[in-house]
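Right after this note come the structures.
After this come two complexes, each holding chain A, first together with chain B and then together with chain C.
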Partner chain A sequence: MAVSIYLPAILAPLADDERVIEIAVLGFQDTVGSAVRSLTERYPGLAPRLVDERGDQYPFVAIYLNDEDIRFVGGFDTAVRDGDELSIVPAVAGG
Partner chain B sequence: MTTIPSVLPNDAPVRIVRAPEPLPLYCTRCAADVGASAQALCSTCLGPLQPQYDTARPLPSRRELRSRARSIWRYSEWLPFRGAPVLAQQVGFTPLLEAPQLAHELGVARVWVKNDAVSFPSLSFKDRVVATALNAAQAFGLTTVGCASTGNLANAVAAAAAAAGLPAWIFIPADLEVAKVVGTSVYGPHLVRVRGTYDDVNRLCAQLADRFDWGIVNVNLRAYYGEGSKTMGFEIVDQLDWRFPSAVIAPMAGGSLVTKLHKAFSEFAAAGLAHGSVPRIYGAQASGCAPIVRFVQSNARAVTPERPQTIVRSLAIGNPADAPTARDAILGTNGWAHAVDDQDVAIGIRRLAEATGIFTETAGGVTVAAAYALAQQGRLTPDDEVVLCITGNGLKTIDAAAQGISEAPEIPARLSAVEALVAATV
Partner chain C sequence: MATTLAPNELSRYSRHLLLPEVGKAGQAKLKEGRVLVVGAGGLGSPALLYLAAAGVGTLGIVDFDAVDVTNLQRQVLYGTSDVGKDKTRAAEAHLNDLNPHVRIVRHAERLSSANALTLFAAYDLVVDGTDNFATRYLVNDACVLTGKPNVYGSIFRFDGQASVFCTDEGPCYRCLYPEPPPPGLVPSCAEGGVLGVLPGLIGVVQATEAIKLLLGVGDTLIGRLLLVNALAASFRSVTVRRNPSCPACGTHEISELRDYDAWCGTVAVPDGVPEITPRELAARADRGEPLQLIDVREPHEWELVHVVGARLIPLATLDAEWHTLDATREVFVYCKGGVRSARAVADLRKRGFDRAYSVTGGILRWREEVDDALIAY
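Showing the complex of A and B:
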């Protein structure tokens, strides 16, 4: 029972150069926020690059739950299930 | 019949030429110094990087600037390189056309149209940003280039890459207007249609920049790419004989153009090259995708992304990367932002065509319609001198312009038939 979190290359040095990290989930009451919290407990250096000082999503990253930008579906409160994929992508691109 | 060799996609061998030296970068958020590099984000805080110009560099006089070739490279001291460009040397210097009829209708002193609908080579302002990005790609030894695009950038990258002999990977939303698809594929790039919105395409390209050693112009080359937009502002001041207009109205997609227009005007003011105050900046979007307009009009801490629902595909970016700097440029100059309904876009396109002889795409229709709305709101005043930034060509979005246009009469090839038509118009 786990979700996979995909990191961009620029953040991998903060996670022992891992690009894909499995985070265990219970199958209920798990959210994007709890998965991110588990990730940052394992790799504390990632915390300020994923969560801002107010506990909101850090403005220079976008987080996708199975290709959906979490800001469209409930942000950190969005439920996650076994097998879900969370992709973290730098936000400043395009245009 | 002559046989013309066809190599599609364009994977022809790359020509080796000596590239200009890109300037080092710095982080606009944490001020970290970063060397010249094909990365657009600070590895410390993920903030956007910008080129670092030497504040002690010698700057040219107006006379010296005027003696140079009429292209974006005339302003090379404000572009992110040392040395001459090796690619896209002929981009820029589009016409600035006075439009007295529009001035009368808007109730302002004067109006000019900055006409990037005739930009060389691909008929949009994106030729400017691709010119700087491809020179950076060349300097960094990136022999394949690419982009995420709503259409105009696809055209511009494909054209410039073909001219440079560079393979290109270009990603667009699958349902883009046919003219923008054909206007890209004709140059022979690897054109890929992605199911989803531009924002889905953009996310994919951000991930591709990690995976492939490509110069994706609006991802890893973005710090150099964006500076090309400043040349529209430099040209406006140059063409107005070294003075500022009082207001500039420009379309917004990701928010980079209004940001860079403001930067250009500020740089020319700092250099003492232009008279007067930096103009008020007004940004325009389609109401079906107006995250920056709503951000400007609110006190929100962060932009709220939107799912685009508009015919204005070239502005359909629901998650605009430059929203914070666009808002700063607009509010910092006492400007404003306005969203235009789709039904007013075609009216804006036709009004510009009838009043100036310029045929623009949907983004231009948004800009013109926004100008009328801003005038009605009293945000433009009788002493204003206004520049409308027209960023793309109407031949790319024929279907949108066709709305509301009556069908031309079809007649037999007889004099009497024309006489009847003429009589009916008297």
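Showing the complex of A and C:
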């Protein structure tokens, strides 16, 4: 029972160069917020890049639950289930 | 009067004419099409090449830069003999040779709040090939205000994004990212690097979307964000929704262009950090003075080139390492161009290093003033 979190290249160095990280879920009461918390507990260096000082989402880091931007479906309170995929999609500006 | 294609154009575009989705009528639409490419760099190069080859009739190019040797690893519009030339002139020469039926309009200037609306008004759509957040928000807001689609692409290291923003039915860039990251949080490609073929992949997607929009065929990336991971060979797309409270395309609170550099905090160098020029510092080293010289770049940059006698302490590790420095002596800090070193010096001074100095212009200026045998990157 797990969700997969996909990190972009820019953040992978803060997670031992892993780009896909499995986070165990209990199957109930799990949310995007609790999955992100588990991730930042495992890799504390990621925390300031994913959430602000109050633990809220940044406006320049989109988080997708499967195909949906979580801001449009319930933010960090959105429920997650076994097999869900969370993608971290920060703004990049290179050209 | 309907646009007509000369016999030599019909031959040139024959593979298009064979496609029912294009045909003569579609090719005439492309010839009537006017596309403005903002930034003739990594993304703009492949986009311009394919748009010109496809026969888009008018191609505007906005770029104020000159071709640099470090561009050639990915900016395939230029050759070695173009180094030092104005990008729009070099681009015009290559594109004229590729397809003389295309009219190239050079805009050798920086896109700004003062010129964006006038520039955009003369085109059907805009291809965003810029390389910084301030210009990306400027492109987006100007597209919303002028009603022009924003064919977006962005890259970093091995990851790329592409979408089509600012159409009547879809979201804009601000719906996806309401605000830019604070300066310094996200490195630029000049600091973090980029795989040379990645802007090729993304720039060609942008050209594809621009051509589809002009032709009015297929499903475009309106409402979707294409995510490319070159290392994993993965292409996937996610939904981008229109945000009803978006200040640009939702509430229209943004009714005119603003000062995007100030809003994005583009000038990230802390104010008033004491500096020393490479020339002054090298003169002191030549006199045999023992110097406490710190390099705050990343290890891979250090491996590429560094100043002999310096010590590597990447900026991110300064927090853990500063106590190993001698605060009773002067500390000289350099990086690539002077931004990271200024931040390090501001930090060191807060910790009581009253004689910490940032080396002006970093190792790039060191190369110019002191040692031209060093590699530029």
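FYI, the second predicted complex is superposed on the first by the 91 of 95 C-alpha atoms of A that agree within 3 Å, B and C clash if a C-alpha of one lies under 4 Å from a C-alpha of the other, contacts with A are read in each partner's own complex, and residues count from 1 in each chain.
In this text, a contact is a pair of C-beta atoms (placed from the backbone, for glycine too) under 8 Å apart; a residue touches a chain by one contact, two chains touch by 3 or more.
As the structure is a prediction and not an experimental result, all values here were calculated from the model.
Looking at the shared chain after the overlay, A:17 reaches neither chain B nor chain C. When the two complexes are overlaid on their common chain A, residue A:60 makes contact with chain B and with chain C alike. When both complexes are overlaid on chain A, the residue A:90 reaches chain B and chain C alike. In the superposition on chain A, the residues of chain A touched by chain B in one structure and by chain C in the other are 8-10, 49, 58-62, 64, 67, 69, 71-72, 87, 89-95.
Residue ranges on chain C touching chain A, taken from their complex, read 39, 41-44, 128-133, 136, 153-159, 161, 176-181, 185-189, 192, 194, 199, 225, 227, 229, 231-232, 238-241, 243.
For chain B in complex with chain A, the touching residues are 29, 39-41, 43, 45-48, 148, 198-200, 202-203, 205-207, 209-210, 218-219, 222, 253-256, 302, 304-305, 307, 317, 319-322. By the touch rule above, chain A contacts chain B in their complex via residues 8-11, 13, 49, 56, 58-62, 64, 67, 69, 71-72, 87, 89-95. Those residues of chain A whose C-beta lies close enough to touch chain C in the complex are 8-10, 19, 49, 58-62, 64, 67-69, 71-72, 87, 89-95.
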